[in-house]
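Can you keep this structure in mind? I'll have questions shortly.
When the chains are written out, they are named A, B, C, D and E in that same order, and each has its own residue count from 1.
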Amino acid sequence: MFEKHNPKIGARPGTLAIPPDSPFPKITVVQYDVESVDRREIEDVTELRSFRESDRVTWVDVQGLGDEATIREIGEIFDLHPVALENAVNVPQRAKTELYENHQLVIARTPIIEDDGLVRTPQVCFVLGKHYVLTFQERYFGFFDPVRERIQAGIGAIRLEGPDYLAYALIDAMIDRYYPVAQNLSDGLEELEDIVVENPHPDVLGRIHALRRQLVVLRRIGWPQREAVNAMLRERTPFIGDQEKVYLRDTYDHIAQIVELIDSAREMASDLADAYLSNVSHRTNEIMKMLTLMASIFIPLTFVAGIYGMNFENMPELRSRVGYFVVWGVMLVVAVGMTLYFRHRGWVGSIPPPEFKTDRSDEEGS
Amino acid sequence: MFEKHNPKIGARPGTLAIPPDSPFPKITVVQYDVESVDRREIEDVTELRSFRESDRVTWVDVQGLGDEATIREIGEIFDLHPVALENAVNVPQRAKTELYENHQLVIARTPIIEDDGLVRTPQVCFVLGKHYVLTFQERYFGFFDPVRERIQAGIGAIRLEGPDYLAYALIDAMIDRYYPVAQNLSDGLEELEDIVVENPHPDVLGRIHALRRQLVVLRRIGWPQREAVNAMLRERTPFIGDQEKVYLRDTYDHIAQIVELIDSAREMASDLADAYLSNVSHRTNEIMKMLTLMASIFIPLTFVAGIYGMNFENMPELRSRVGYFVVWGVMLVVAVGMTLYFRHRGWVGSIPPPEFKTDRSDEEGS
Amino acid sequence: MFEKHNPKIGARPGTLAIPPDSPFPKITVVQYDVESVDRREIEDVTELRSFRESDRVTWVDVQGLGDEATIREIGEIFDLHPVALENAVNVPQRAKTELYENHQLVIARTPIIEDDGLVRTPQVCFVLGKHYVLTFQERYFGFFDPVRERIQAGIGAIRLEGPDYLAYALIDAMIDRYYPVAQNLSDGLEELEDIVVENPHPDVLGRIHALRRQLVVLRRIGWPQREAVNAMLRERTPFIGDQEKVYLRDTYDHIAQIVELIDSAREMASDLADAYLSNVSHRTNEIMKMLTLMASIFIPLTFVAGIYGMNFENMPELRSRVGYFVVWGVMLVVAVGMTLYFRHRGWVGSIPPPEFKTDRSDEEGS
Amino acid sequence: MFEKHNPKIGARPGTLAIPPDSPFPKITVVQYDVESVDRREIEDVTELRSFRESDRVTWVDVQGLGDEATIREIGEIFDLHPVALENAVNVPQRAKTELYENHQLVIARTPIIEDDGLVRTPQVCFVLGKHYVLTFQERYFGFFDPVRERIQAGIGAIRLEGPDYLAYALIDAMIDRYYPVAQNLSDGLEELEDIVVENPHPDVLGRIHALRRQLVVLRRIGWPQREAVNAMLRERTPFIGDQEKVYLRDTYDHIAQIVELIDSAREMASDLADAYLSNVSHRTNEIMKMLTLMASIFIPLTFVAGIYGMNFENMPELRSRVGYFVVWGVMLVVAVGMTLYFRHRGWVGSIPPPEFKTDRSDEEGS
Amino acid sequence: MFEKHNPKIGARPGTLAIPPDSPFPKITVVQYDVESVDRREIEDVTELRSFRESDRVTWVDVQGLGDEATIREIGEIFDLHPVALENAVNVPQRAKTELYENHQLVIARTPIIEDDGLVRTPQVCFVLGKHYVLTFQERYFGFFDPVRERIQAGIGAIRLEGPDYLAYALIDAMIDRYYPVAQNLSDGLEELEDIVVENPHPDVLGRIHALRRQLVVLRRIGWPQREAVNAMLRERTPFIGDQEKVYLRDTYDHIAQIVELIDSAREMASDLADAYLSNVSHRTNEIMKMLTLMASIFIPLTFVAGIYGMNFENMPELRSRVGYFVVWGVMLVVAVGMTLYFRHRGWVGSIPPPEFKTDRSDEEGS
């Protein structure tokens, strides 16, 4: 739960704490203006220098951080502040935005569901300069493929706008990734609700617990993300135009909506756990009543039988011809009496387990 | 619980994610000034162009979003910002207000009880321009019929005022819709309280759970609604006059009051669940006492009977003429002793279940 | 719990939603300056016009709202904004203050204990103009009698000051009403604490629940009241002088103190419920131990007796002269052994129920 | 819990609600400058007039409020605002600071442990003028004795500084009083932790409840105290110099630290209650297991014995020579089987009660 | 839990409340510029005077506070404000920053794990002047050794920058200390999760309780630390350059991240306690079912056996040749019937205990 790749304690600032298992950097440059698009895989990092000087919008995407020399070289070419460079590669960090003299840094984290069904929250660092956007990803993720295609195909406004629009498009693409994860957790919550209603299996609580854990994690990364986007909107920055802030406000609404949904889901998960526990307590109650019923009826009867099983020589009843039948009669009266008493107290007559109406449709936005 | 009609991940901004089941747009235009009112159902969307140019107050009501071409055409005629148009048709969204150069956007959601008894929270988008108000509704709702009638009949100030007053009247009409839903939930809460008092059926907890769910949903849409109305009041905007802000403050008070009522109701629902559970635990306790009483009295007696049911040849008591009667005496003493002890400990003598005074009237505003 | 007298949905703004059972308006005018006081019961509402024009401080007290024509006439005479007039008569509303061009509106609600022991939260609306104060009360309440007497008798500064001081005195009189209700709830809380200590009757929980309900209601009206008084202090208003704000700050402290007391009381009520439940769980535990003790001692003994109650022909022990007495010995050993084991485990020896020290005096301000 | 000495409802502002049991005022004046100190017990309140006119720092300490005429006379001599005077003597009030034209008022409350072991929260009112400090105490407290001695002896900077420094020194002396009370509650909490670990007596919960009550009270007085000191720092006031604000910031840190400690302690007390309850539930569980074990083993055995206690004439087993011994064998197998089954389920083998490590030292600041 | 070394109540401000067990001060001076580094252990405190006058960056590290004269001498040499000096040596205090005329004070506390496995939270005070940094530590800690080595070796920018950068480096080194402690608690939490899943030992709850205690402590020191760093960033101060604030923002992010992690961990610990309790309650339920099953099946059978163990002379069944076998048949039917009924109710068939999926990897930042 707590991060592990942090630089060594007491390390000097600017130390690059590259995650040990991060792959070798794969650098892709896309450079475009209204008229044309160039796309290049870079082998030798020094080639970036020529891209830097161009006035066209330049997007350098670094996937994998596994070579300190390369990273430092990029930092030098783009004149990155040492703290910015440190932030770019140290994972995990809080989502945030920092303004430096020559560039603005944005850290974003987004949840993804991996092949093994687990949720991970990889981090991407954006560096936004006058003519360029740098993105640093720890691994080879496909977050940005749709944006790359839009640039290539010239769909929408992206080719008409500057690097701030590009940065917006990339950040928006990351925040969009929250939706399927939230959807996934929501489906899980509804499934658990069905189980609590129909067949309250004891592992429901474990699953609610696991779901709440994921919601806690989601909220922990979502909340600073919201704050970071808000800071981008509020702060005066030379790197984001007012025109682009209109778009970013939309992104802000998305992440704010997600955080609200997560909070509602946490509350509902908590309620569901209570509902399950009360269901269990209802069953315990039912079992208690069964036990009490059996014991209370038969214990007196057994006592009566025990009485006449005694071997005293002088027990007048035993010699009576009708004694045996009278005893049976007494027993019947006791049994019926106890049952009636229990029915009077409302302890007999099985009550159906609680029903949970799941009018889920109330929440659809339709 | 989580939205589903969101645009595809990585879609470019400005994509219209029209809900797939939204009906074909039905466009109604109402144009009025102090003297006269014109009302037209529009078949061909290009007819709107002529309405646009008028200086009279123009209200274009679009019900149904099921045709992208129509929506885009409207966007073009009224010169809507692409993000505004996207916000207008993408559902569900948070209630909010956004200021663009030529118009102000307001998203509102309101709960309605449908014929099947379920609560839905449809969204309406308002676009407020210099001379016009556009409203986009996903379906054919009757929210605005009373306002349309007031315009037609010239009741009140509506014909004397500009489009901002119209927008206020429409938003106020939507927020009024919260009251019957809140009333409905309140009635449900009081009914549940009666049940907890009189006949604590186990499905009470399920119903409290369902009610809390609805309150969570209501709060989730109500809170941003409050913030949106507040933002309309606070922000400087050329589209809402100070005169109209006086009215909007009233609307703000309504939604603020509703949010406070929802919070109180949630707290009371939570208390009610605790009250029910303690009632159940009281009953379990009662059953336990019954069981303990029966077992504790009869188990020693049965033991005594068991003793004299043994078949030892040499058991002096068995031959005594009064042995049997002495045993009966001993048993009586034991039974009475145990009962007295239990009474002393306060375990005997059924205590009535907890009473819950429901002095509901304390909350009426009278 | 939710309001019911709200105007019909979609009603145009400015609609007067007069509570249906509100009595006919009884109008009392008090007009005074340093030298003299005039007091008149008004029959014909138009008489107010002459009072309006005076430069002396004029207080128009309207008790009962049951005649729309009268209310509208008053609104016209004092030139009230339509929204202000609507706010004045629509009940219930949140406590608030609104500034209009010619007057300031203040809504206050206060709890009162009625003859039937229930708490109600009536609303009073104050309209504060340059030379006058209007008060609208739904019913005939005696809130303002002490102030009226002070004006009559010329006690204190009231005759020397303007209408803002009068408004302050009236609002202060209303907020003073919180104290006896809070005192009443506090007494109830202490009484419940005694019951939990001495004789934890099961209806305690119901009473705690009812008390918490009242605290929730009290807080729901008290919190906006605090905010409203604070807004009167903070906002620049031509209707309240700096001199009077000194007094209002005192009123603010009162209502703030009350809200803090309510919050503490809610927390204590919640703690008390936990204390009661743990007391109950302690008792269940005691009963369980009794049952276990009885069962664990006698069940093995009964088994032994059962053994020698069998009718096998070949049971050597039965024929032994001392068999019976040996069995008794074995039984004694078992019984003593079990008892010792239980004592060793700490299950025997009744432990007194939890004591709750009620050092209430710690909270007195002395 | 709620205050009782408040002025009568509807009383005019400025009414002095002197606590009925407050003793007669004992007035001590200390007047000093760098060179000399004068200290006088004042019998006749009018003597104060001469002190008022001096330019030296004058501290008038009024202990006991039991004579309205005296109080009013002091108010007149020092030209106190009526609301200030009212605040000075009405107890209890929230800690606060109020700025008047000629003086600043500070209300402080502090917890003290009285001889009977109870905690009380007396109030002291400070009035800070250009050349003087007035202090009003309800009773004869020794809060200020150390400060008086420092003035007398000329220790530290106190004689070099103005009345604001004196006020700071007095307020600081009051806030220092929180520490021993907090220490006392902390010791109580640790003692309770030991009890929960070693011998979970049922009255632990009552003691935790009582402790939480005190913490609630402490927080209720501590929080406004913090706000009051903060307001003294933030607000522009002619009565407190920047030099003295440096000292006050220190006092602010003390009260802020205390409030944080109280919040932590409340959270820990709450956790401790949960720990105790889980300990109890563990014991109930243990007892249940004992009962189940005994019942499950002996009930079948007793049944078997019962079978062969029947008196049917035709029961072949009874006549077998080895029948009795075979039955013993069967019983042994059943008993061992049940025990093994229970051991397999983990129900046998007493588990030690939960241990609570009390690594208290982790919180020492060392 | 509450501090103990605070100055005596009523002590005059500026009193040095040196912790009684603090060792004798060990003073180390490091003085450096780009070109060279001097390092000296100071025996006689007056030697500091010469260092003071230098324009090079001077770092005076005081370890141990156990000699008041020395501390006072240092205060005089560096012209420290009395309150600053008091703050420097009084432990424990809240993390904070205070700006004085000639220097800025920063108090930081950090958790360390000591040899005995306990967590302590020692305090370090930084005084930041124009050319110097003073650090006061209560004991001999090794926090600053890495920084000292970096200065010595001239690694990184530290020799090029001023005393503000040095202060940043030192504070950053302290805040880095949070990570291993958080890691340690995180490991403990995961271990507890495994235990709850696999073998819910009753002492789990005690360990969760202890862990939560530590988290409460960690948060109590971490939150003011965050605020203190934030204040250093926000406040205008002549002692910290804008260049250094870029670095400090990074430190702020670290402490903010830690506080968020602590809050998540507290929430998870709380969830884990609930999960454990539900696990226990599941087991109690299982045991209850076992007991009920055994009792409900055998009690009726034993009753039947008891019937035919009675000694009535006239019991026709006893003489029947098949009576015994018929009774066996009846008993079998009853036993099978009860079992089937229980199976129908879902009470038979042991359900596996809840599983808690521990997909911890979801939280790794990878």
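The criterion applied here is as follows: a residue touches a chain if its C-beta (ideal position, glycine included) is under 8 Å from a C-beta of that chain, and two chains touch if they have at least 3 such contacts.
In this text, all values refer to a predicted model and were calculated from it rather than measured experimentally.
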(request) Mind listing the chains that sit against chain B and also against chain C? (result) none
(message) Validating interface symmetry: for the copies chain C and chain D, is the fraction of residue numbers used by both over half? Same or different.
(response) different
(request) Compute the distance, rounded to whole Å, between the mean C-alpha positions of chain B and chain D. (result) 40
(message) Centroid of chain A to centroid of chain B, CA atoms only: how many Å?
(response) 24
(request) Specify, in ascending order, the residues of chain E that touch 2 or more different other chains. (result) 281, 284, 288, 291, 295, 299, 302, 306, 309-311, 315
(message) Taking the touch definition from the header, please name the shape of the chain graph: line, ring, star, complete or other.
(response) ring
(request) Using the touch rule from the top, order the ring's chains starting at chain B and going via chain C. (result) B, C, D, E, A
(message) Going by the contact rule set out above, which residues of chain A touch chain B in the complex?
(response) 145-147, 150, 155-158, 168-169, 172-173, 176-177, 179-180, 182-183, 186, 189-190, 197, 246-247, 249-250, 253, 256-257, 260-261, 264-265, 267-268, 271-272, 274-275, 278, 281-282, 284-285, 288-289, 291-292, 295-296, 299-300, 302-303, 306-307, 309-315, 345, 347, 351-366
(message) Touching residues of chain B toward chain A in the complex: what are they?
(response) 1-6, 9-14, 19, 21, 81-83, 86-87, 91-94, 96, 98, 100, 109, 117-123, 138-139, 201-207, 209-210, 212-214, 216-217, 220, 223-224, 273, 277, 280-281, 283-284, 286-288, 290-291, 294-295, 298-299, 301-302, 305-306, 308-311, 315, 317-324, 327
